[in-house]
Amino acid sequence: MTHLPEKLLTGYHNFMHGRFEVESDRYRRLAQEGQAPDTLVIACCDSRSAPETIFDAGPGELFVLRNVANLVPPYEPDGEFHATSAALEFAVQALKVKNIVVMGHGRCGGIKAALDPAMKPLSPGDFIGRWMSLLAPATEAVAGNSMMTTTERQTALERISIRYSIANLRTFPCVKILEDKGRLTIYGAWFDISTGELWVMNKETGDFERPEAG
Amino acid sequence: MTHLPEKLLTGYHNFMHGRFEVESDRYRRLAQEGQAPDTLVIACCDSRSAPETIFDAGPGELFVLRNVANLVPPYEPDGEFHATSAALEFAVQALKVKNIVVMGHGRCGGIKAALDPAMKPLSPGDFIGRWMSLLAPATEAVAGNSMMTTTERQTALERISIRYSIANLRTFPCVKILEDKGRLTIYGAWFDISTGELWVMNKETGDFERPEAG
Amino acid sequence: MTHLPEKLLTGYHNFMHGRFEVESDRYRRLAQEGQAPDTLVIACCDSRSAPETIFDAGPGELFVLRNVANLVPPYEPDGEFHATSAALEFAVQALKVKNIVVMGHGRCGGIKAALDPAMKPLSPGDFIGRWMSLLAPATEAVAGNSMMTTTERQTALERISIRYSIANLRTFPCVKILEDKGRLTIYGAWFDISTGELWVMNKETGDFERPEAG
Amino acid sequence: MTHLPEKLLTGYHNFMHGRFEVESDRYRRLAQEGQAPDTLVIACCDSRSAPETIFDAGPGELFVLRNVANLVPPYEPDGEFHATSAALEFAVQALKVKNIVVMGHGRCGGIKAALDPAMKPLSPGDFIGRWMSLLAPATEAVAGNSMMTTTERQTALERISIRYSIANLRTFPCVKILEDKGRLTIYGAWFDISTGELWVMNKETGDFERPEAG
């Protein structure tokens, strides 16, 4: 029994007889020479915000870490397993990317769960609860703000989480040093699923603005 | 200062005036109704193996977790932050996906690092070393086989890592229970960057075979 | 009583009234002038991997040595009977072939026997056990890797055996000298019975690759 | 560098787009179910006498051992490496073939070398000399017969070698026992390259006759 869900197989055949046929030389070269992406994107697992789609990126262009709510935990060299820190270390130290983009998006399920006071653990391990607790102080402040609408609170925490991850990125010595030397640049972005708009973080103010208006 | 690397901005404009224009209704509906993907893909961060590209998937189809070497650590409800377990829990318990695909690929940098005896920590935290140590027993067995070529050892460990992650998936009670009830199916796949071929795991033997030849 | 199994007689009549009728001049010339094949193929006895079939070769083209698992023992000028060394010597020194191809194949029974820990001698002489013991060190390393599937171990040892035979070919002074002079070229190949694919050994890395993808 | 001699690659492509395309189901089945040939053919390496060609045999039909002059050495359970005995043991004990055909042919180079008084070792190891010495007593008797022509001596020794190999086959206990039980039948055959005629050994007299006249 060697099979995949029908939909994935069909999609794969579209790829092979479409994009791959056109780009086979590029794939072969990328296989032989190795990848050398300029950019690490830290994005959410959400099915509606794939970085390759939103940035119309081809093979070899983006090194992509995806977890729930695009979070970067703080630097913690404690000898434990850290999926996120490992990917970050590999991108910065081995691949020497020049850019890191933390990309959040609207209607994020992880953020919504964090803000939901009625939310119960999804399983006894409560992994989502633990994971989202990285944002706990910000979550409390936002959740307690009864003057904002539900949507406003959601968007607020989505954007706070991007700034929080960017702040944590800088707790990694390798990131800090390279950024200070001007060899690494950090960006924030927020994707609006409904309108397709990409809002980019202003480095000085932390505000999210549309690039056209930048 | 509100900017993104030129290449990303250009890519985003292509998206907005191309795919998004065609699919704006779909995006709007996905925003209003929420995502309901059938499939969780656990893939590598590698820039050459984006699941959306390989499966030609549109918005809303794939919930995608990406970490180095597409690893799933074993179930460990210890109260720590677990990016991978959190994404898994969210996909299975909140989104109720029907399929989980663990997708590895050829020439994986994480696997290569694990097999390289001369590899030194990339940073004092040695996050990659710690992360890849999840595969330590298999790595030792493969690395010690001097009769296999470097590429053969690499491919062997890449495929072992997929089976290892699948075995660990089943240590999560929610996965085990739903799989036993027939409501969740687990797949393994390995993408050959050079040829574009997707090798699919045979559920009975664990071997990787091309679907055509299954 | 002069007979052959019915099936062989039928096959022979097909040959006589088919191929031989078309190629009778060629056979007559080959009889008068002697054979002058360019290539020695060292292949397995397996009924599914006849070199003449796979290379669509006509009479006079391939000098073919076949033994279990296409093994070449190391050079051992000890005065004993050596079927393999004799054929090799004849091909290289008397026929002056320009190419030697060591061709293994998938699902090889000799390799399978070597890897089977429960395998008992097939007869008191244990000729298969002795013959396959030529590969003993590699067999141990592969057999001990419990993270690989049965098929993966099998394929690994099949390919190791080809490289092993090629290394042993070079222990024969006549082979070594002619190869160094550029008058003899050595190739490795592995035939996949199931898919019909021929994987060719990359001379520099020892990896097996499909020629199309080389 | 992954290549094969041009001629072999062309032949392989003919196979893939010809015979394999037609017989792919058969190959796949043979891969899945394993080989189960009825017949072991012990033939010469000569490029002009491939058993699959002469018997128009498809994949899975003939288990084929080929060495110089199609010789079977006597049973010698001495713990050494014996290519021929190993193949014989595998065919009889593991595959349980029903027939063994020893097939010699005209103008055999090994036989010619054995009969040539001026023949010098082809290499210091003298592997051909050693191998053909299996026939030494018969060779002396034939070579010393000055009343026969060169061609007659050659044909005579070729046929003697077939009967000699058949006699040695019977020194293997497994062959002897199965033949006595009627579960294994042994045949001799001699192929005339020039005319395409196959001469079959009469079991009672040892003479070689054409089957039509049998």
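Order of writing sets the labels: A, B, C and D. Residues in every chain begin at 1.
The criterion applied here is as follows: a contact is a pair of C-beta atoms (placed from the backbone, for glycine too) under 8 Å apart; a residue touches a chain by one contact, two chains touch by 3 or more.
Bear in mind that the values here come from a model prediction, so they are computed numbers and not experimental data.
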Intersection of contact partners for chain B and chain D: C
Reference chain A; chain at largest CA-centroid distance: D
Whole-Å separation of chain centres (CA-atom averages), chain C against chain D: 15
Averaged-CA centre spacing for the pair chain D and chain A, given as whole angstrom: 67
Centre-to-centre distance between chain C and chain A (centres being mean Cα positions), rounded to whole Å: 53
In chain A, residues with contacts to at least two other chains: 28
Overall pattern in which the protein chains touch one another (line/ring/star/complete/other): line
Pairs of chains, among all present, that meet the touch criterion: A-B, B-C, C-D
Residues of chain B defined as touching chain A within the complex: 1-5, 7-9, 11-12, 14-16, 18-20, 24, 27-28, 30-32, 34-35, 37-39, 45-50, 52-57, 59-68, 71, 73, 75-77, 79-91, 93-95, 98-99, 101, 106-107, 109-110, 113, 122-128, 130-134, 172-174, 185, 187, 189, 193-196, 198, 200-204, 209, 211, 214
Touching residues (chain side chain C, partner chain B) in the complex: 137-138, 141-142, 144-152, 156, 159-160, 163-164, 194-195, 205-207, 210, 213
